[in-house]
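Here it is, the structure, as structure tokens.
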Amino acid sequence: MDTNAVLDIMWIIISGILVFFMQAGFTLVEVGFTRSKNAGNIIMKNLMDLCIGSLGFWAIGYTVMYGDEIGGFIGTPSLFFSDMENMHNLFFQTVFAATAATIVSGAIAERTKFTTYLIFSLIMTVVIYPISGNWVWQGEGWLTNLGFIDFAGSTVVHSVGGWSALIAAFLVGPRLGKYTNGKSNAIQGHNIVLGAIGVFVLWFGWFGFNGGSQLAISGDNVNAVSGILITTNLAAAAAAIAAMFVSWGLYGKPDVSMTLNGALAGLVAITAGCAAVSPVGAAIIGLVAGIVIVFSIEFIDKKLKIDDPVGAVSVHGVCGALGTLLVGVFALDGGLLYGGGFGLLGVQATGVLAIGAWAIATSFIVLYTLKKTIGLRVSKEEEVDGLDIHEHKSNVYND
Amino acid sequence: MDTNAVLDIMWIIISGILVFFMQAGFTLVEVGFTRSKNAGNIIMKNLMDLCIGSLGFWAIGYTVMYGDEIGGFIGTPSLFFSDMENMHNLFFQTVFAATAATIVSGAIAERTKFTTYLIFSLIMTVVIYPISGNWVWQGEGWLTNLGFIDFAGSTVVHSVGGWSALIAAFLVGPRLGKYTNGKSNAIQGHNIVLGAIGVFVLWFGWFGFNGGSQLAISGDNVNAVSGILITTNLAAAAAAIAAMFVSWGLYGKPDVSMTLNGALAGLVAITAGCAAVSPVGAAIIGLVAGIVIVFSIEFIDKKLKIDDPVGAVSVHGVCGALGTLLVGVFALDGGLLYGGGFGLLGVQATGVLAIGAWAIATSFIVLYTLKKTIGLRVSKEEEVDGLDIHEHKSNVYND
Amino acid sequence: MDTNAVLDIMWIIISGILVFFMQAGFTLVEVGFTRSKNAGNIIMKNLMDLCIGSLGFWAIGYTVMYGDEIGGFIGTPSLFFSDMENMHNLFFQTVFAATAATIVSGAIAERTKFTTYLIFSLIMTVVIYPISGNWVWQGEGWLTNLGFIDFAGSTVVHSVGGWSALIAAFLVGPRLGKYTNGKSNAIQGHNIVLGAIGVFVLWFGWFGFNGGSQLAISGDNVNAVSGILITTNLAAAAAAIAAMFVSWGLYGKPDVSMTLNGALAGLVAITAGCAAVSPVGAAIIGLVAGIVIVFSIEFIDKKLKIDDPVGAVSVHGVCGALGTLLVGVFALDGGLLYGGGFGLLGVQATGVLAIGAWAIATSFIVLYTLKKTIGLRVSKEEEVDGLDIHEHKSNVYND
Amino acid sequence: MKKIEAIIRKSKFDEVKEALHLIEVNFFSYWDVTGVGNEKQGHVYRGVSYSTSDIQRRYLSIVVSDHFLDRTIDVLLKTASTGIVGDGKIFVSDVEETYRIRTKEKGSDALK
Amino acid sequence: MKKIEAIIRKSKFDEVKEALHLIEVNFFSYWDVTGVGNEKQGHVYRGVSYSTSDIQRRYLSIVVSDHFLDRTIDVLLKTASTGIVGDGKIFVSDVEETYRIRTKEKGSDALK
Amino acid sequence: MKKIEAIIRKSKFDEVKEALHLIEVNFFSYWDVTGVGNEKQGHVYRGVSYSTSDIQRRYLSIVVSDHFLDRTIDVLLKTASTGIVGDGKIFVSDVEETYRIRTKEKGSDALK
């Protein structure tokens, strides 16, 4: 194999390893932002969506996404992918699929049945995610053909996870005590330090997520990748600062958990356009995401009254969509502000809507069926006592 | 230097850095799975085996392992390795040596004298590990000559650590209160969240452990490395799922700490054969390891009555041996299932036994001597009050 | 772009990603070594210095440091750096700037006003750090011209941070209760496990910090980089061991937090000379740093009565200066011990003094001004109750 | 003045608090304790299944004026109960004096 | 013998401890509790602003001989006070017997 | 009914619990407290050596019927003791009434 190909593959697998580590970040954030009595359950959900996702995506999901295109809509599935020249792609895509799956666990934390989650997680990684992913990343999918830009997956990965999370959180209902007399109550996370470390881990892994999505580093790609790291970093920084000041304005003090969510919002939002916008564009996208995240979390919590303990819907769903749309505004090539007119923006909106509709519809069908059959939710007693002692017969914190 | 050589070395050092980070993973797992009153002591043990190992392996261990071969048994030792063209090898091997050493600390946690541990740790990194390592990895060792396959060290690193851990845990005896009236009692770890994060960190680092052991990435090596990442990931995933379901069957609920151990069991088991088996083979090896780990932990705990708070013997010793043997079954080239007959399996068994015997014998001699001289165990009072307050005059958790 | 250039840039960005992760390490150490009632505030300070630093360094700091040289003293500033062929440099230097800034937060933890810190942090990353950095790393700075060696920033990054931390800790004053009747009291960190994990994370990231500072990996650079990883690792190991034994001698028991600081001291000390000394030299530098750190912490705490909760001044300031000076002794090329005479040592001393004076003077001016205007310190009530509840209206630890 | 010490299920705490609020018992202190009693809880840890009677409980300490005693007990008995083993206990004892630190008030006044 | 239970602000603890030391009350136990009372504390979490009366407090349990009672109460009332709502309460009750485990001493001797 | 409050070494807890079990005292609550007393413990932190009398202890609260009192005290005095300074204290006080929440039983019945 020639050196450039080696370099490219090497970059892909290094990036994939970084993306893998985001699983630790998600676990930290979700554990930290919820109560201690459910920490073991959250660990298990995060570990299992990775494990099930890894097996499921290899077993069939990968080819559903990347197999020979059938009608711009789905790849030709085949079992147990074994092309030894494409293992780097399987690896990189597996960790992406696991990311999409794990987003849901945070939104439905502290009240969802473990078995139900396992089943949903499998369907997510072998059906829901790969099919819409196919539309954008297979190369011949219908959204690719339209010119839709979602470089590293603001929509393909994050929004899909985020909208599924929305449906899941809606169907499973709020945690007991979250809403009383129509008022939203705070249910504080038990260890925000874990949450903060999780955000640093995610940010770290995100350099692989976005940088690796160049899928190459040889030749001038290396400059492109470097640019991506900068846009990624600037957007996250700007978003965290923005969220901090907005929360400061609204509540009188800079809010820690909002600021942490702000950083993630910036990362999600820049994911679509990290390779298409300038550093200034990236900073602005981050700024917008950092402002939107605060209002989005409030809106979903207080107006929609959907209980999302970690803000997954706002971070991944809303900011994923937002970031994808903003590519239509800030893309150096084709963006509204750079004289590209409304064409790209329209395409971006089409993609956001189509994939949003897909994620919402399929998640609804799957989860509604599960609700009516094995049930989504643990018993009241289990929820009050904590899932750990009932679902796992043990506590994570002792002596 | 030519580009391919640069690429290969670059890959080795990046992998080495990832393997280094496994030290954090081991520390997290061991701290989490034990009681809070001993956390500072465990931190010190983990930090010191890394530090002593780094100095000792450089000072002499590396050449004991890789120096000019003497009789297929040992390398020619020389002091303070300083060949500036082989620093990448020294680095990569140092972090491996530190891994072998650190495995022991978990099994003897909460009751072992600190000074004794320091001495044992030094002997481990400059004598026990390098000599058996020489047999397999120096290139002219007697096991290499037999055709023994242990790609990244299921046996060379993990079993050596695991069997030493077995001897150490046996000689130091169980923690007070672990066995009463012949019954095994649960002594719960104080923070399973730390344990879980540790598992993610280890899994992350393992991509360097196995992937880096290709010792090259140029040319077609990059495909080999990619394949290794996939086999590694699949085995870990399959093992975690298997351990979860087995524990579910046995105890009525999916057990968190067993599932976490399951992931590690899969990682250890695939380490020998990660480059020699297919993805399907890897998944099966993981599956077997995930089943075996549960029964092994039970057996060592309840039948042998050897107290291993973190399951190090089962994870590293048993699953290391198991994974090495299964190479004889699943190796695409020479495995039993692929028409290779029993030849390779016999060689694998020879290696497993020989290295097992070596680790057990030398650890026994060293630790028994230490037991009869300075002693292995802290006083009853120190153990009851916690090692932190007595061995370090401070507590790790305050206010 | 040719392959060698690609390799070099790729190495720089991978290293930069590792250095980025050090932010998580600093946060862990600072949170763990302080009290739980201020953990949220420390998280916010660490997150914000990264965010503000990322934006500020891009907006102007980078060119202040690396713009066309003006008189050997400062680069030509320009706004919003956008040279897409140098994004890898911007990235790598940004994470260095963030490191320099974040050092200060630890020394002034638990009592400093949040807004004041934000302002100082900005000035640090756009003025203080880039200007002295220019003298050494721009290529035409006056210290470069003298022959000053500070390979990866013992002085440029760590001492600058450390001396600013000294001034800041001095001006803000000790925490309430730290000194009573002229006696220094222990105010224990609330979670030393977090601190220990932070040290592992920092050590891990440091391989990027030092290794990446080669700014190349093609050709023989790869051997140089490998050597750097070894010198870095040996120095850290030797320093941790030394600090442990010194604390053992002084206090009767091996002190956990001193040993952890020891490892960091070794890392800081070797940063200047990691590419200039032999492995033996590195081990000795580490040894010296490990001894010095213990006495330095005692001296600053008990004699100077400057309250530095995490030891930032000793680790970064003192050991940074020490390591830089020791280059004059141990450098293979020009060091005192290698027949180079006192020339290099003199140059090193000049650099250490000049940059120390710069950091001290500018920090003093800025912080003194802030003290006299908006104030450095929270009210007594806020400090006693904890900064989290007053500055952020929430607690990080709940239920 | 009487001191009421109630050891209840953690899961009942929110309800109890609400109910106390309704009868205007708005002053008390609480903390988490481990309770040993009739109830057993099944645990599994690393292959060892065991049943423990060490169960997390919440401890409420409420000092009330005498005429508040009965209604407080009533509310506690009603709202803290599930009818299943492990609901907990209430202990009543005498308090000789009470002071409000802020105002130095004594006796029943300090409890208002 | 009397048992003094004082629920005070955590931030006042060091001062109180010092002051008790000066009057030679060197024996007591303390732990952290959540107090419900008049004081309210403003919190914000993820966009929800709320005011809670569940506030961290420190609980001191001090058993003293009768002739130590008054001065201990005095010191507590003085040093634990800020004058702002939320300073806490002191409860005094009777203790029938005290033992020192080490020596098996009983009564006031056990409190020396 | 009497309330026995025992403040003991954490390291003695398992033995004490076992011994209480043997005399059929299977009901109590416990939590961790910091105790201030005669015992001093040497600490080192970042170069500062100091000796503190703030030591981790376990607090047991056991309410028993009157005829159980003596044997419980005996067992506590015996099993919680090491003979070294810092073994802790036992306080006995009167309880006026006890309720079992589950059954609404009162008095001694609630303690069975």
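For the reader, a short list of remarks on this structure follows.
By letter and in written order, the chains are A, B, C, D, E and F; residue numbering begins at 1 in each of them.
Keep this in mind: a residue touches a chain if its C-beta (ideal position, glycine included) is under 8 Å from a C-beta of that chain, and two chains touch if they have at least 3 such contacts.
Everything numeric in this text was worked out from a predicted model, so none of it was measured.
Looking at subunit B and subunit C, the chains that touch each of them are A, F.
Repeated interface: B-D and one of C-E, B-F or C-F share more than half of their contact pairs by residue number, and that pair is C-F. Centre-to-centre separation between subunit A and subunit D, using Cα means, comes to 43 Å. Our note on geometry: subunit A versus subunit B, Cα centroid distance of 34 Å, whole angstroms. In this assembly, the C-alpha centroid of subunit E lies 19 Å from the C-alpha centroid of subunit F. Touching of two or more other chains is recorded for residues 3, 7, 14, 188-189, 251-253, 255, 257, 392-394 of subunit C.
Counting partner chains per residue, subunit E shows two or more touched chains at residues 31, 43-45, 93-94.
In this structure, the chains touch in the following pairs: A-B, A-C, A-D, A-E, B-C, B-D, B-F, C-E, C-F, D-E, D-F, E-F. In the complex of the two chains, the subunit A residues touching subunit E come out as 184-186, 188-189, 247, 250-253, 255, 257-258, 261, 294, 297-298, 301-302, 311. Listed in rising order, the residues of subunit A touching subunit B in the complex are 1, 3, 5-7, 9-10, 13-14, 16-17, 20-21, 23-24, 27-28, 31, 39-40, 43-44, 47-48, 50-52, 54-55, 58, 80-82, 84-85, 87-88, 90-91, 94, 114, 194, 388, 391-399. Residues of subunit A touching subunit D in their complex: 177, 381, 384-385, 389, 392-394.
Residues 10-11, 14, 41-45 of subunit F are the ones touching subunit B in the complex.
Contact residues of subunit D toward subunit B in the complex are 43-50.
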